[in-house]
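Everything below concerns the one structure shown next.
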Amino acid sequence: MQNDWLYIGLFLVIATLIPVSALLASWLVSPKKPNPIKQSTYECGMETVGENWVQFKAQYYIFALVFLVFDVETVFLFPWAVSLGRLSLFAVLEGIVFVLILVAGLVYAWRKGMLEWV
Amino acid sequence: MNFWFDPVNFIAHWLTGLLTGWGLAPWLAGAIIQLIGVVVLISLMMVFDIFLVWVERKVVARFQDRLGPNRVGPFGIFQPFADIIKLIIKEDITPDGADRVVYNLAPILSLMSVLLLWAIVPLAPVIFGVDLNVGALYIVAAGSIGTLSIIMAAWASNNKYALIGAFRQVAVLVSFEIPMIATMLIPTILAGSMGMNEIVQGQQNVWYVVLAPLAALIFMIAAIAELGRSPFDLNEAESEIVAGFHIEYTGMKFGLFYAGELLHAFTFGGFWAILFLGGYRFFGLENLGPLVAVVILFAKAMFGYWVIMWVRYTVMRIRIDQMLAFNWKFLTPVAFVLLMLTALMNTLLRGTPVAVYICGMLLTNVLLGWIIVEILRGYSRGEREKIEGAAPAAATAHR
Amino acid sequence: MTAMQIFFLIVGLIILGSALMVVTTGNLIHAALWLIVTLFGVAVLYAILNASFLAVVQVVVYIGAIAILFIFAVMLTHKEMRDRGPQLNNGWWLNAVIALLTFGGLFWMLRSWNGFLKSAADLPASYDGVAQLGRALISPDAFVLPFEVASVLLLAALVGAVYIAFNRK
């Protein structure tokens, strides 16, 4: 299994080198004539107004929080799913209870209006 | 050992003999062979990626009743090479106020995260990178590096549109990841393993699309959203925020994002084929030889890719509130209900004859699908009455 | 020293170095990105330890979810982004003492331990850690109660998030 990860490590290195070499090739042959207009921030030709840091909706953060909870949940479910074929009905029901508790959480968030994009 | 039935091992064996004959230590020879294998696989994918540019352009043209690229080479097949030369000799513009290191790192990570996925793809029974026993989670892990590259690109570009696009995209990516993981759990349950090769092996008798058609459908929808393609392409939304997170990228850096996007779509077509359509299996045809199996897998992946393109070029873009509501109020609950039902039915039907098992699973899916459609119909009827009930006078006045 | 040990030391140095960058860099987004390097390094450590499941979970949960959450949080706190206050606060010496004591304590405890020089026995080829973990999570003799409690804990986190969202309105 360690060999598997060595292979993936090798894959990671080569998969990084390929785009890097593409960028290098481009860097070698492309012209470099910068000027202030070219390098200004692109906003459809308009002059940039104000700061780049616009305030974002906090809703994005709320959805990321909900996601985090469910992400951790599904990670817990993977070992259960793998060994499911050899488990008794009772053990399968335990996993289903696990999911149901979180579905209850989803229903709660839904009822409280947390899933609305306001 | 025979080239036709085990080409990779045949070549590896031959190379080992050659290299150790030159006096190299066996471990070094092994490492070099591994390296060659990785380089060949990744290079093949990159060449295929170039071909995908042509496929994408040709298919979109046919969908829109155009000809598409048709000047460079037969059927315009050399068009992508011309595109690449153009991208390479384009001037690379780094905007003022960009964070240079992060700005340059983002496109590299973007393509890398897609290429990484091919490490676990079983191309044929004897041709695969690694048979990782946590394959399904590995797909998600590689995807999270892609998510990261988007947010890095947007932040480093120092551009409002880019940041808006990235925020939308990341919100969508993380949201649709939940139904996607939940539906990846279903082949995991059916095969009893997260390894891609074992999932394909498990589909010897029947493809999982028969046992879990709803899961295949939800996975496809979630995959389209993960790819940021229409109808979920409001990360780029040309008419509002121009190009989204890669607005400030030019030349080859843009090319890397574009190549990554296309290969990502094809790769997800491939994973759809592996998880639900039997991977390299096609009614015993794969037994002819591993190279035939590779062709079968690529044909199936191409079919998945074609479905993604088909949806992309026929469905309109939807708003972000609609999209998130669609995910959290429809796809996620459905995916979890489906997961629980599949787990339950799989346990209850264990030990029954194959025919009963298949019929039971299929019936469960059909029943659940029917219930969902009925609920949706009731909901849409209610919504329609709300709208039509508010303005009946106007409706009659027109007639 | 085997190749694996050298690799471990390199990864360890990367983790420590990037962790140092997290606390010393002035730019909050850069700090978050360095944190991602640290978390990825930990994933590599898990991979070295043959803990495939933990390695991918580390990437999925920490990089895919928590780091994204951090970056969102930093980007949402508009003005504070640019503020470059002093890197240290008044309690720095107390924290330094605690850190030194922790390190000293660990060093003292591990001083006579000879586990560093041993290498673990190879796992049998058929060993499937994920399936074992799955059975352990469900088995009444092992971790079924923590497993269900984890679900309740996640529910509590969700309810807490809803509560915060409501206070905001």
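Letters A, B and C name the chains as they come in the text, with residue numbers starting at 1 for each one.
Simple rule for what comes next: contacts are C-beta pairs under 8 Å (C-beta built on N, C-alpha and C of every residue); 3 or more make two chains touch, one makes a residue touch a chain.
Computed from a predicted model, the values in this text were never measured in an experiment.
Asks: Counting contact pairs per chain pair, which pair wins?
Replies: Per chain pair, the contact count peaks at A-B.
Asks: Comparing centres built from CA atoms, which chain ends up most distant from chain C?
Replies: B
Asks: Averaged over CA atoms, how far is the centre of chain B from the centre of chain C? Could you give it in whole Å?
Replies: Using C-alpha averages as centres, the distance is 29 Å.
Asks: In whole angstrom, what separates the CA-based centres of chain A and chain C?
Replies: Centres of chain A and chain C (C-alpha means) sit 17 Å apart.
Asks: Mind pulling the chain B residues that touch 2 or more other chains?
Replies: Touching at least two other chains: 132-134, 137, 163, 167, 170, 174, 177, 192, 194.
Asks: For chain A, write out the residues touching at least two other chains, lowest number first.
Replies: In chain A, the residues touching two or more other chains are 1, 4, 8, 56, 60, 64, 66-67, 71, 75, 78, 81-84, 86-87, 95, 102, 106.
Asks: What residues in chain C touch two or more of the other chains?
Replies: 52-53, 55, 57, 60, 64-65, 68, 72, 75, 128, 130-131
Asks: Considering the complex alone, what residue numbers of chain B touch chain C?
Replies: 102, 132-134, 137-138, 140-141, 143-145, 147-148, 151-152, 155, 163, 167, 170, 174, 177, 192, 194
Asks: Quick check: in the complex, which residue numbers of chain C touch chain B?
Replies: Those in contact with chain B are residues 29-30, 33, 36, 52-53, 55-57, 59-60, 63-65, 67-68, 71-72, 75, 128-131.
Asks: Using the touch definition from the top, list the residues of chain C that touch chain A in their complex.
Replies: Residue positions touching the partner: 4, 44, 47-48, 50, 52-53, 55, 57, 60-61, 64-66, 68-69, 72-73, 75-76, 78, 81-82, 123, 128, 130-135, 137-139, 144, 147-148, 150-152, 154-155, 157-159, 161-162, 165-166, 168.
Asks: If we count contacts the way the header does, which residues on chain A are in touch with chain C in the complex?
Replies: Against chain C, chain A makes touches at 1-2, 4-5, 8-9, 53, 55-56, 58, 60-62, 64-69, 71-73, 75-76, 78-84, 86-87, 91, 94-95, 97-98, 101-102, 104-106, 108-109, 112, 114.
Asks: Note which residues of chain A are touching chain B in the complex, please.
Replies: Residue list for chain A touching chain B: 1, 4, 6-8, 10-12, 14-16, 18-20, 22-23, 25-27, 29-34, 36, 38-44, 52, 54, 56, 60, 63-64, 66-67, 70-71, 74-75, 77-78, 81-87, 89, 92, 95-96, 99-100, 102-103, 106, 110, 115-117.
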